[in-house]
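Take a look at the structures below.
In what comes next, subunit A is part of two complexes: it sits with subunit B in the first one and with subunit C in the second one.
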Partner chain A sequence: MYVSIFFCSRPLIFCPTLHRSRWRKCAARVFGSREKTRRRPNAAEERNVCHVAAPLTPLSNMAGKAGKPSRPRKADKDEEEQPLQAVLVADSFNRRFFPITKDQPRALLPLANVSMIDYTLEFLTSTGVQETFVFCCWMASKIKEHLQKSKWCRPTSPNVVHVITSDLYRSLGDVLRDVDAKTLVRSDFLLVYGDVVSNIDISQALQEHKQRRSMDKNVSVMTMIFKESPPGHKTRCEDDDIIIAMDGKSKRILHYQRAQALKRLHFPMNIFHSGSDEFEIRFDLLDCHISICSPQVAELFTDNFDYQTKNDFVRGLLVNEEILGNQIHMHVTKDGYGARVSNLLMYDTVSSDTIRRWVYPITPEANFADLEGQSCTHSRHNVYRETGVSLGHGSQMEENVLIGRNTMIGANCTISNTVIGANCVIGDNVTLDRAYIWNRVHIADDVKVKQSVICDNVEVKHGVVLNEQCVLAYNVVVGPDITLPEGTVLSMHHPDEEDDEDDDEFLSDDNDVGYRKDKTKLKVFNPAEVGSEGKGYRWKTSSLEDTEEDELAECIWGEIDFRFSQFLTQSYKISFRNLGKQLTSLLNQFLYHGGKFYKSLLKKWAPVFKNYVKRPQDQLDCLASMEEVFLERETHWAALVKVLMSMYQLEILEEEGIMHWFNQGSTTDKSQQLRRNQGLLKFIQWLQEAEESSEEDE
Partner chain B sequence: MELQAVLMAAGGGSRMMDLTYNTPKPLLPVGNRPLIWYPLNLLERVGFEEVIVITTKEVQKALSTDQRLKTDVKMRLDVVCIQEETDMGTADALRHIQQKIKTDILVVSCDLITDVALHEVVDLFRAHNATLSMLMSKVHEFTDTVPGQKGKKKAGEQRDFVGVDVTGKRLLFMANEADLEEGLVFRKSIMRKHPRMLIKTGLLDAHLYCLKRSVVDFLVHNKSVTSIRGELVPYLVRKQFSKMFGVHNKCTSKEEALLQLARERSCWNDHRGDMSEAYHGGKLRCYVHIMEEGMCYRVNTLAAYIEANRVVPKLFEDPPIHPTAVVTERSLVGSDSIIGPYCQISDKTSIKRSNVGTSSTIKEKVKITNSIIMNGVTIEEGCNIQGSVICNNAVIGRGADMKYCLVGSGQCIEPEGENAVVQCSSGYTTHTKTHTLHFCSSVVFVLNPAFCVCVCVHSLAHVCLFFV
Partner chain C sequence: MPGADKETDLSERIESFLSELKRCGSGAGSLRGSAETARETTALLRRTTAQARWGNAGELMEIIRKEGRRMTAAQPSETTVGNMVRRVLKIIREEYARSRGSSEETDQQESLHKLLTSGGSSEDNFRQHFAHLKANVIEAINELLTELEGTTDNISMQALEHIHSNEVIMTIGRSRTVEAFLKDAARKRKFHVIVAECAPFCQGHEMATSLCKEDIETTVIPDAAIFAVMSRVNKVIIGTQTVLANGGLRAVNGTHTLALAAKHHSTPLIVCAPMFKLSPQFPNEEDTFHKFVSPHEVLPFTEGNVTQQHLTPFSTLKTEIVNKFRKKKLTQK
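And then the complex of A and B:
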């Protein structure tokens, strides 16, 4: 039973008769602790209950549809006539845009003066989507409001937009599970995020997908769209680098991996046994985050409740391809443009690509979102001006500039590669290069801005210099006469605020210890950071290291997961003792590879461990196998204490177990030596004292 | 002289010992010509005037005596003999003749039969100033039943993995499945330079290499490398991406410097997508020409040998029946067969899709289909031979009925006694001091009963014969 619970990600093989709801229960047991941390304390509601938006157009009645019993899926005859549907996830489930997204959801951030979600919806509509489900979580009401006002909710819109909101979505997986629960999709659908900017014509890909599905029923479940862009391409962001191995003829994805933290790219041999004699390894692809999914995708997410992200899904499917028989294919576009604004760097590049008309016909002067007063003129060197722009004497708009309506620019300014929103006031002698200035911003004289984002209502006082990659979030005031170093992030929200609030939006469990170090909450603006008249708190720059660590852990996780599944397919009647041993030794191996990751890794695996290590005998087994590993590598003895400590803290191991193991007669000299390790002795002593004190309490 | 040709003809043919037991591989008849003629002809066709042939004493003797070869090959052959016993590898052989090598070299193996336009390989070598360029071709599936082979080839055969860039020319990776238990591993830096890598399996290495002169120097310094295919080529392919490379030390010749300058000034580049200089500054480059169509065989297995014999006659416009052969009018020789010089073919004999070698005698009422008869073979009356290979100087007794058999050279199938029919559905080979006999799938065989000591039935489908 233990085994099958753990391998719930592959439930259908091990226990096909088990009902789904029971799987959910199992899941709750296994991942109970994780679940708890993610939920709000007061979130007692059922997960599946969520607010369905009121019908937005007379054309559809969402509430009615949700209530209907599920239609028979995959009715061949219908499939042709079914209108194309799309699932738009208007939430990123990460915090890469923090602190900007504290005030505004990412989908609504302006990109070339138009909200990002409008680009996505325009793409969907132009590609022939007739029904779109927008799933919102963070600041759902704002998105709903925005959409209700937009052209998508007018009766004439060819694309019917339904907004579905719930506070309980934690990941893409939750959204798709909800799609399955509500049986929203009837046939193949498009899956996109709310921050995708694209003009790709997917009709060909769609046709290929349909053809594959009609040839081999239910084998190919997903077609991912990629754009060809070699390494070093401007639109590529290193964070999102992926490496793909594909079958040269059938375009089937054989291996998919994020390559960001890897030095060496590893392809297991079994992917080359597919019978083909031509494979391609591609590092020149940009994931557009547009995928054509069949309804099974939603079902698969339901069956495998541990799939959270698309990455989980793809890797899970590829690893289990032999068992589940599901395949993923790909479509590569050369001419189209498709990118996801996944971080600020991408925001910069996608904005400038839009201004440079790479997303044609989606251009600033097209006013595709049909917003009133947004029409602008397009002149040489990609200079766009909306109505009511005034430009002072001697000011120059060099190239790739977009200026919003009623913005006033002073004299002798130099502006290049810049987007300025509506109703801004910009003083004299201002230099702007690659600046993204949103609405109602005041910039005084003699200001220099380089590659920075300035949000709504910011005031930049006289003589301020913003160096590269600065972010001034909403309502911040800076200056006068201050130079902000590279990568400064200022916000009206205090960085520590989020500790008080329950940041339930974000799945990424930042177990950062560093945050808590300065508990002294300086609620006073620091003039050294924002200038004498400034208002705002400095955020620690979203250091790359954090993300790297995350990603690496992810990779390692994937690796272990992979090995495990292999291990299991070999024999799933495995004894529990072996499994525990295997787990421990694997983990220990990784411990050596990167000592600093062990903590987060252990935490991730704690539920699994707990599940395995239950009886006192299991604890001893676990300890014994750990000891075995450590005995082999003397140099790492010091780390043993750390591992023991964290396992103790995570309640995987108990005092009795550790004490028993320690006092157990050791047979060899070496293990005796190990037990004489200074750190270990201290730890044992500490344990003993703790025990005694607890006994005294009783 | 731009290129010196080196022909490697000292191989023993270890993968088809049945055939090379008595005849050295370079001299095996293919379409009534010795195997070695084909690479020589390939070189001559493109205009080589001289070729260094590395071979054994035995072959040298044959080369100097074979009149036909002498008239056919007009190139000057510079024959270098190596001792057979020393077990020299191909790289060892290059090292052995390094004194003779003055320029870049073209190394050809003696078992290559191809109609490739050789300039394709050499052009790659020239155009990219490559260190190595080689020839590959799609692997041929041999569909015919092969004497002496049990069923089909095993599916679990080790494949070669060849990685090329998007143009299909630059060789980026080469490894055998056997060495890849851990899976394929690429450094990200390689993928960054060549972001789209095509991995092909099912390619046949034709063992035809253009090599820079400096590679021979490298071999002289590194005595541990013994084989070109096994060690040198994989080494060179790997070394393309390592930063330091000893062989290609800064060639500061005037020509080299000019070339360098030309490349710097030119707007030409070998890749797209990034702004770095051509070849990413790499000094060592390996290229491969992969034949999409055309013929390319390496005669190193029995199956390839049979296939080559079948295909080759169509390529060369020799008369199917040699003028000196005596063929009676009442025999039937198909147009898809070739008959060698001084053959005698008697009445009521039919020969279809077969090759008959020099000075063979075929008596009356013999039926030969799909077979290869080598030189000096005598086939007595009434024989029926199908899908078989009969080696030099064998004598097939009267009334023999054989299917998919391989008869070793000098072998004598006795005609006496009753027709004993032995069926055997799996390959079997016996070696005695004087006899080499091969019984293969579905053998129907006539034997002298006295010869046959016992028939051992292992299973229903498995019969073994033992000889005294």
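And then the complex of A and C:
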């Protein structure tokens, strides 16, 4: 039996001689912690994996060489005349792009000056899709209007686009149930999101899929498309880290798990009994969010009405494989590019990849969306200029710059890795680095912008400095002479408008049109936040110190506690064990950031903890999982007391629980050592004294 | 209404041709031959002539110019398209002049004086209506198409004049014209071909395989070895993508090295180029001139975070290098 494990570009291959239980141990060690899997195998791991064969890439070679790609249309003309169909979900069903998506649906946000949905449609059209169903929910009318004006709805378009709108879609599951109800698809179809940027030639995957389908009817229902990219690659989004166990020969997915923040990975034993003798466990894959589905997928969603996301679906199918007999396969592409713009960090990466021509032939100068007057020229160092750009004296466009039409740039500016939209006016002595500036933005003199998004019609006044990861949503005015700290999010919408529906995180990108009417309470702009002439509100609470903002920034730029809030809404049925896991990951995050702002986070989630940590047993579990975290990081032992203290103060933990845990016979030397920690001893002593004194009082 | 149907059909074809041009493969390896592009362009223009609505030559030329501009804009690096559009426009002018009567000769050789005095009036003259013009133009375009079909054969017919027995010939990458040229010579002569692989797309490998099938003795060398091997080479035969107006070439990457090495060793360099590759462009517009593709071939995506890479499948040859050979040896048809 061979098992290959991919967590960087070089696989480790376990040979058949290795005893089964032994390699399981090895695998467990290799995947022991997430940190380990994220870097290349170090010496210790190499030692563990004693039977490592020469670094081959058996899978990728196979995938790369199997035949010349040919247009699917021509290839199977003789067997089936069914045109290839696609289902495009033009809604993200989450709020990562808030508050930008309050004014514009995510699919229409410009990426390198072209709406994201155009990239997706171009990808579909170039792979030979002839009929596309676009499902929209949030701001459906805007998407519809955009599509009607675009080239996809011209009579000459080879890809017929139907727009289907409904306010009732809450998830991918709803969309696919509707597909089934309306019987829109007749044969295999592609399922993509409206924010996928890709140039993958899927014809080969499609052929393989069809072959599998014809060989044994209806067993394989879905082929997922992945791209190889090692952990730590910038195009990998931590949200989407997945670990997959697959059958090396048939490319069947045996196990699928989101690896995000998991410390330990478990593989059910039965997947290795499935008859094949070649397994691959892969952590080096990027989910392109493109899948080839058979019509059964829609039916399955109808049958299982609790499936909300693709993740639910895949996990559900794999768990019930023996009952339902459905299989999922995968296809790994090496050549193409495919990524989903799932948060602002990904927006940043995908934009820069587009400008660096990874998505060739979908490049800015190709003007694939065929917009009037959008043609641009491409010159050295990836500088793209549309028509009517004027550049002042001494201004430099260093590299990877795209400037939209009729934009005027003043003198002595330095611009690098930046996208600027149409009709912008930029003053003198401006420095832009990794800035994404949309249309009609006015930027005055002496402004510095670093890795930020500036939406339509924003005005940035004289002397403003935007630090990393700032977001200025539509129509905001900032300045003059103000420095916005890292991760500031400004919007014309007051964050309080949000409170009403905050309890429902599963709202799609927001349907609060009704709520917004109560603008009667006029709020005043805070000059400390936006400058003396500024207009806009800092999003969410600005009263707490910087730590809060950091956290918020991560919320919109990354993920930290998104899943935690998701958890909140979902989780009344989930056991504490699970919460413990979340807790550990949360703790990890605290430690990761130097433990600086664990307090505010803890305060925020105190109600959740209280809800779960009720019985003494729960407290013990909670403490045990904390202990687990700390045992791994000796350097952070001092922080344990602080965490315990604040949890005690927040009344999450009670003294009996802590005492019980402390007195519990610990099994290992290390945990005993932990208990002998100076700070901890003091804390316990203090607890005891407090208890005694309270008893005395009585 | 059948007329409307025809028009949508026509614009559909044009659209699909345009998008095909835009996508045009993901690397130089899978580029279609420019002969094919030339043929497709001409066929499309013939269809336009047949199906579009026009009353006189002026209107037709307007239509062709408009479509031609769009086609050239779709893929600026593909000069063949523009060349074919110009050819078709010329055909229309000729046919118009012929239809106008016996003045064909005088019209073609308008004197400078006449040009100066007549002003813009010649443009007005295209407004005259002729019943047979359409048929004539289509006929002439058909002739052009036949000519295009035969170009490769016509060039390879001359192979025996250039390639002699027991010569060592060097070439680079894969050019369909050169391939046919060598194969034609191999029917009568025995010679040795050295193919530079032309990294990173390595079309040279395909070329070598194809030549081997015809029993030509073939060696593949890396691009770096070009200079070392050059001393043993008798002749260098290359294809090109475009012949520029100043006599320079735009050819596959590595051609520049090859030409420099050939110059150093005073090895004759033969460029096989059919007529439709002669372009009126000058190489002064660096921006639109180059074609940049995905950096994937040089550095796989998985490898990561290199900030800047440029990859262009074509390099430009300065006139000075090619010039001397060109006048004598450029195989034109």
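The criterion applied here is as follows: the second predicted complex is superposed on the first by the 437 of 698 C-alpha atoms of A that agree within 3 Å, B and C clash if a C-alpha of one lies under 4 Å from a C-alpha of the other, contacts with A are read in each partner's own complex, and residues count from 1 in each chain.
Rule of thumb we're sticking to: a contact is a pair of C-beta atoms (placed from the backbone, for glycine too) under 8 Å apart; a residue touches a chain by one contact, two chains touch by 3 or more.
Owing to the predicted nature of the structure, the values given are computational and were not obtained by experimental measurement.
A.B. asks: In the superposed arrangement, which partner chain does A:230 touch: subunit B (first), subunit C (second), both, or neither?
C.D. replies: both
A.B. asks: Touching A:193 in the superposition: subunit B (first), subunit C (second), both, neither?
C.D. replies: A:193 sits against neither subunit B nor subunit C.
A.B. asks: By residue count, which of the two partners contacts subunit A more extensively, subunit B or subunit C?
C.D. replies: C
A.B. asks: Could you say whether A:630 touches subunit B, subunit C, both of them, or neither, answering first, second, both or neither?
C.D. replies: So A:630 meets neither subunit B nor subunit C here.
A.B. asks: Under the stated touch criterion, which partner chain does A:97 make contact with: subunit B (first), subunit C (second), both, or neither?
C.D. replies: Neither: A:97 stays clear of subunit B and subunit C.
A.B. asks: Looking at A:334 after the superposition, I want to know if it touches subunit B, subunit C, both of them or none. Which is it: first, second, both, neither?
C.D. replies: second
A.B. asks: May I ask you to decide whether A:379 touches subunit B, subunit C, both, or neither, giving the answer as first, second, both or neither?
C.D. replies: The second partner, subunit C, only.
A.B. asks: Look at A:474 in the shared chain and tell me whether it touches subunit B only, subunit C only, both, or neither; answer first, second, both or neither.
C.D. replies: neither
A.B. asks: Which parts of subunit A are in contact with subunit B and also with subunit C?
C.D. replies: Looking at subunit A, the two contact sets intersect at 230, 233, 284.
A.B. asks: Quick one: which bits of subunit A touch subunit C in the complex? Just the residue numbers, please.
C.D. replies: My answer: residues 9, 125-126, 154-158, 199, 201, 227-230, 233-235, 284, 334-335, 337, 356-361, 363, 366, 368, 375, 377-382, 399-400.
A.B. asks: For subunit B, which residues count as touching subunit A in their complex?
C.D. replies: 159, 161, 163, 177, 180-188, 191-192, 195-202, 272-275
A.B. asks: Under the definition above, what is the set of subunit A residues touching subunit B in their complex?
C.D. replies: Touch list, subunit A to subunit B: 230-233, 243, 248, 259, 262-269, 272, 277-284.
A.B. asks: Spell out the residues on subunit C that touch subunit A in their complex, using ranges where they run on.
C.D. replies: 8, 11-12, 14-16, 19, 22-26, 73, 286-288, 292-296, 300-305, 307-310
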